[in-house]
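There are two complexes below, and they share chain A, which is joined by chain B in the first and by chain C in the second.
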Partner chain A sequence: MLIQLIISGLALGSVYALIALALVLIYKGSRLLNLAHGELVTIGAYFSLAIIVQIKLPYLVALFPAVVVAGIFALIVERIVIRPLAGSEEWPILIATWGVSITIRGLIGLIWGHAPRPLPSPFTSQHLRWGVYSISGQELVIIITSLLMLLIFYLFFTRSKSGLGMQAVADNHLGASLCGISVRRINALTWIVSGMVAAVAGITVSPIFFLHVDMGFGLFLGAFSAAVLGGFGSIIGAITGGYLLGVIQTVTGGYMPAAIKSSVPFVILILVLVLRPTGIFGKAVIERK
Partner chain B sequence: MELLKINNLQVYYGYSQALFNINMEVTEGGIVVLLGANGAGKSTILRTISGIIRAREGNIEFRGQRIDRLQPHKIVELGIAQAPEGRELFPNLTVRDNLMAGQYTRSNKMEMKKDWDQVISWFPVLGERMNQHAGTLSGGEQQILAISRAFLSHPSLLLLDEPSLGLSPTLATKIFGVVHKIKQETGLTILLAEQNVMMALSIANSGYVFELGRVALAGKSRFLLEDKSVLQSYLGVS
Partner chain C sequence: MYGSNKKWALYIVLIIFLLIIPWLMGNYLAYLFNLSGIYIIAILGLNILMGLGGQMFFGGVAMMAMGAYAAAFLANDLCFPFYISIPFSGLITCILSLSITFPALRVRGLYLAMVSVGFHLILEQIIGGWGSFTGGYDGLSLSKASLAGIEVASDRAFYYVVLVTVVLSLWSAVNLMKMRVGRAIWALGQDPVSTSVLGINVTFYKIVAFMICAFYCGISGGLMAHYLRFITPDHFTILTAIMLLVGMMVGGWGSLMGSVAGGFFVTFLPEAIGLFKDYFLGATTALYDLQATISGIIIIVVVLYIPNGFAEWSKDLRSKWGYNRSERR
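Moving on to the complex of A and B:
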């Protein structure tokens, strides 16, 4: 039972890990918490639905164009909402991202309707059995796709010139400018990459959960708790926190009444903030006002 | 011809004016030093040249081209690099990544390798600490890394903002030796802001003395060194 739950938990954890990673990337690059982050997850999933239904591409093939379109969509949000607010206080930017969240949910409702819709995937009906344990094909797709995405991201982040630029901007804006790095361009790139990573999470999880205008928001709250658990601002922390939270939540849900399952991320969020606000990998930052 | 020409520059921080009517020239080759007490405007000049802060009036020309409206990263691309006050390194990145960030604007692999090897031969300590995070280096090592990172963008003008600040006298002497060595071996033009008057003038060709945001005195190092009364009144050197 426990091992079975851990296997399922890893699938949910993969989704949290990707979303938390994307969230922390934007946070580190632009020093802002993007409340519209869940909507980048949702929009990615709806793009894939449109591509599968309209163009009739197979599920796994549709993933690629949907992810690219989601990246472009994130860039548009950065250009028309975030960039004009550069240099203003934290609060207006936070509220603006909340506005983006509501707007996107409204637009999705207008275009695709408010009723939950299934995302057809050939893997949901298949099961891989191994003794007493089993894993659904879609869960396997989630786990493998996420690992691939993390690998691609790792290579990009540590081996490419743009990745170095992203690391530099995340560490020190002024220092990066003085190295000839365009902080604006890197921030735009960060939104594209974050949008793509979030979309992968949305597209792989939707066949299990159904598409819904609010699906991303719920996942965003979980991913936020995961990022705090790992140490907010730490990339490795976001990924670790994501997997950990997915497993904890699924295991708890297996032994306790189902209603408790959805409150697990928030219980963990509160526990971390009270007991160890820096999370697993976070560093204490003392700010002088 | 002048490499850098500053005309009638007025710079403000909010409502308070930091620089008044600055006129300066930096000719190619050699070290020009900016002297003055804390708050005299030395750092403000360097920040304005790098585009970190904007001048309200006046202009800055680099090789005859106006640069005072450009973004900081564009100014680096044109060939002005700065090791700023506070160093502004990437503390959570390795020494290697810090140095690689210094070469961000460049594409000629062979020249990049040549400069990289040069930096390592000057400062073997960086080679030994390649995989260490920059934040774990000592103050002197961090300063050397900041200067190296700026040098690696292959500038034709290198701005150094108080490289000896916060270092022990021995380390400060070493850093001046480093600056002198860079000038000797590469012929790079260096604009150096310093409070350490005697040491700065000993390696500089000429200097500007700042007082409360104005240029109070300018001339060859020899002239500034000999004019003891002037130094005394402006800089408190006995």
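Moving on to the complex of A and C:
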């Protein structure tokens, strides 16, 4: 029972880890929290649904155009909302991104309605059994995709020029721009990349959880809690926190009533912020002025 | 001398106008006015905590829900009349809000915002799940409010209850903000570090700001429970929280009188959207989604182009009635 729950928890945790990674990327790049990030997850999932149903592409092929659409969407948000507010205080940006989140949710509701829909995937019906334990094909896809994404990210950050530029901008805006790095371009790139990561998370998770307008927001809240658990602002922390939270939430859900399962991320968020605001890996001061 | 006479004449005309206004319009408009009044009080509370105190707190609607269910409990189980249960619902909300106040003291900025969103969602789960006390998603009904044997349940009669509460709330808020407490909260919103250097107890005044916000929001929720006489978790969703935020931002950050404009805006916006929808889009479009989309766009536009809301356009009003964050960008 416990080990089975941990296996399912790892799948949920992979999703949290990816979204939390995207959140932390944006936070490190431009010191802001994107409340609309869950909606990028939702957009990716709904676009892949549209592509699969309308154009009848196979699941794994539909992933790519949907991810590109989410990246473009993230760029549009960055251009219209974030860039004009660059250099302002923390909270106007926070509220503006919440406005973006509400707008996108309303638009998705207008276009696709509120009924939960399944995302057809060939992997959901297959199960891999090993003794008494079993793992569904989709869960395996989620775990493998997230590990693959993390590997790509590692290579991107350490080997590519843009990745190094992102690290430089995250460390010090002024210093990076003095070295000839275009901070604006890097920030736009950060948004595109994190929008794409969010979309990948959304497309891989929605065959298990149904597609719904609010699914992204729920995942976003979980991912934020995960990032805080790992130490907000630390990439390793976001990934560890994601896996940890996924396991904790699934195990709690297995032994307790279902209503409690959805509250687990907030309880953990409040507990971490009260007891150890820096999280597991965080060393930065949480009260940033 | 002449000027002051003119001012008094203006006040008297305003008072008479406010007293007779429900008889000049239909029941539905009176209903909307009452709803505006209820939102004005909640936005006022949020304005003190967010606009003046500078705390990013998105849990105002959760406090309203606490007030509403407290009022329902007092009226149904303890048989309190409405004029006692409404102030008491404010006090109970203050006490219950301590559960979020203490975690909230440890964090600020975006962390506080996320903690308060979490608080709202946890409370929604509790209200939905604790059916024996809150009626769950089926809702809870209240009996008709009555004052000295006379029923005050109709839209027009309840208008006077709302009017008195709104006037008392605005008057107390404006005066409170001119007192030591208000100045301390304002200073807190400007810069917590300088405030503590000046010898003001930051933690204490943060708690006070949360309590003031909880009191106003609780009263607003209690009023709502007694007016609608039926409350469900659907009255206190995250969209309501966003609508309160819209009202506060449109009215103006830290502008107490801006709350009035914000309350009316929040109430009449869905109506206007409904009319627009019937004319242009047909009845099949979901009102909820359209409302969400348009509120979101309004939030973005206000943040980008009119960061001080209506108060931007009436600087006179702002300087006269309340403090304001001096520089925003």
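Keep in mind that, in the parts below, the second predicted complex is superposed on the first by the 284 of 289 C-alpha atoms of A that agree within 3 Å, B and C clash if a C-alpha of one lies under 4 Å from a C-alpha of the other, contacts with A are read in each partner's own complex, and residues count from 1 in each chain.
FYI, a contact is a pair of C-beta atoms (placed from the backbone, for glycine too) under 8 Å apart; a residue touches a chain by one contact, two chains touch by 3 or more.
Treat the numbers as computed from the prediction; the structure is a model and nothing was measured.
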Chain A as common anchor, with chain B and chain C clashing or fitting: fit
Contacts of A:190 with chain B and chain C, given as first, second, both or neither: neither
Touched partner set for A:106, first chain B, second chain C, both or neither: second
Superposition-derived comparison: chain B or chain C, residues of chain A touched: C
Which of chain B and chain C A:277 touches, first, second, both or neither: second
Touched partner set for A:182, first chain B, second chain C, both or neither: first
First (chain B), second (chain C), both or neither touched by A:172: first
Overlay on shared chain A, then closest C-alpha pair between chain B and chain C (Å): 13
Intersection of the chain A residues that touch chain B with those that touch chain C: none
Of chain A, residues touching chain C in the complex: 32-33, 80-81, 84-85, 87-92, 94-96, 98-107, 109-110, 113-114, 221, 224-225, 228, 232, 259, 262-263, 265-267, 269-270, 273-274, 277, 286-289
In the complex with chain A, residue positions of chain C that touch it: 56, 102-103, 106-111, 113-115, 117-119, 121-122, 125, 128-129, 193, 239, 242, 245, 249, 285-286, 288-300, 303-304, 307, 328-329
Contact footprint of chain A on chain B as seen in their complex: 50, 52, 71-73, 76-77, 81-82, 84, 88-93, 97, 100-102, 104-105, 149-150, 153
Residue ranges of chain A touching chain B (in the complex, touch as defined): 161, 164-165, 167-168, 171-172, 174-183
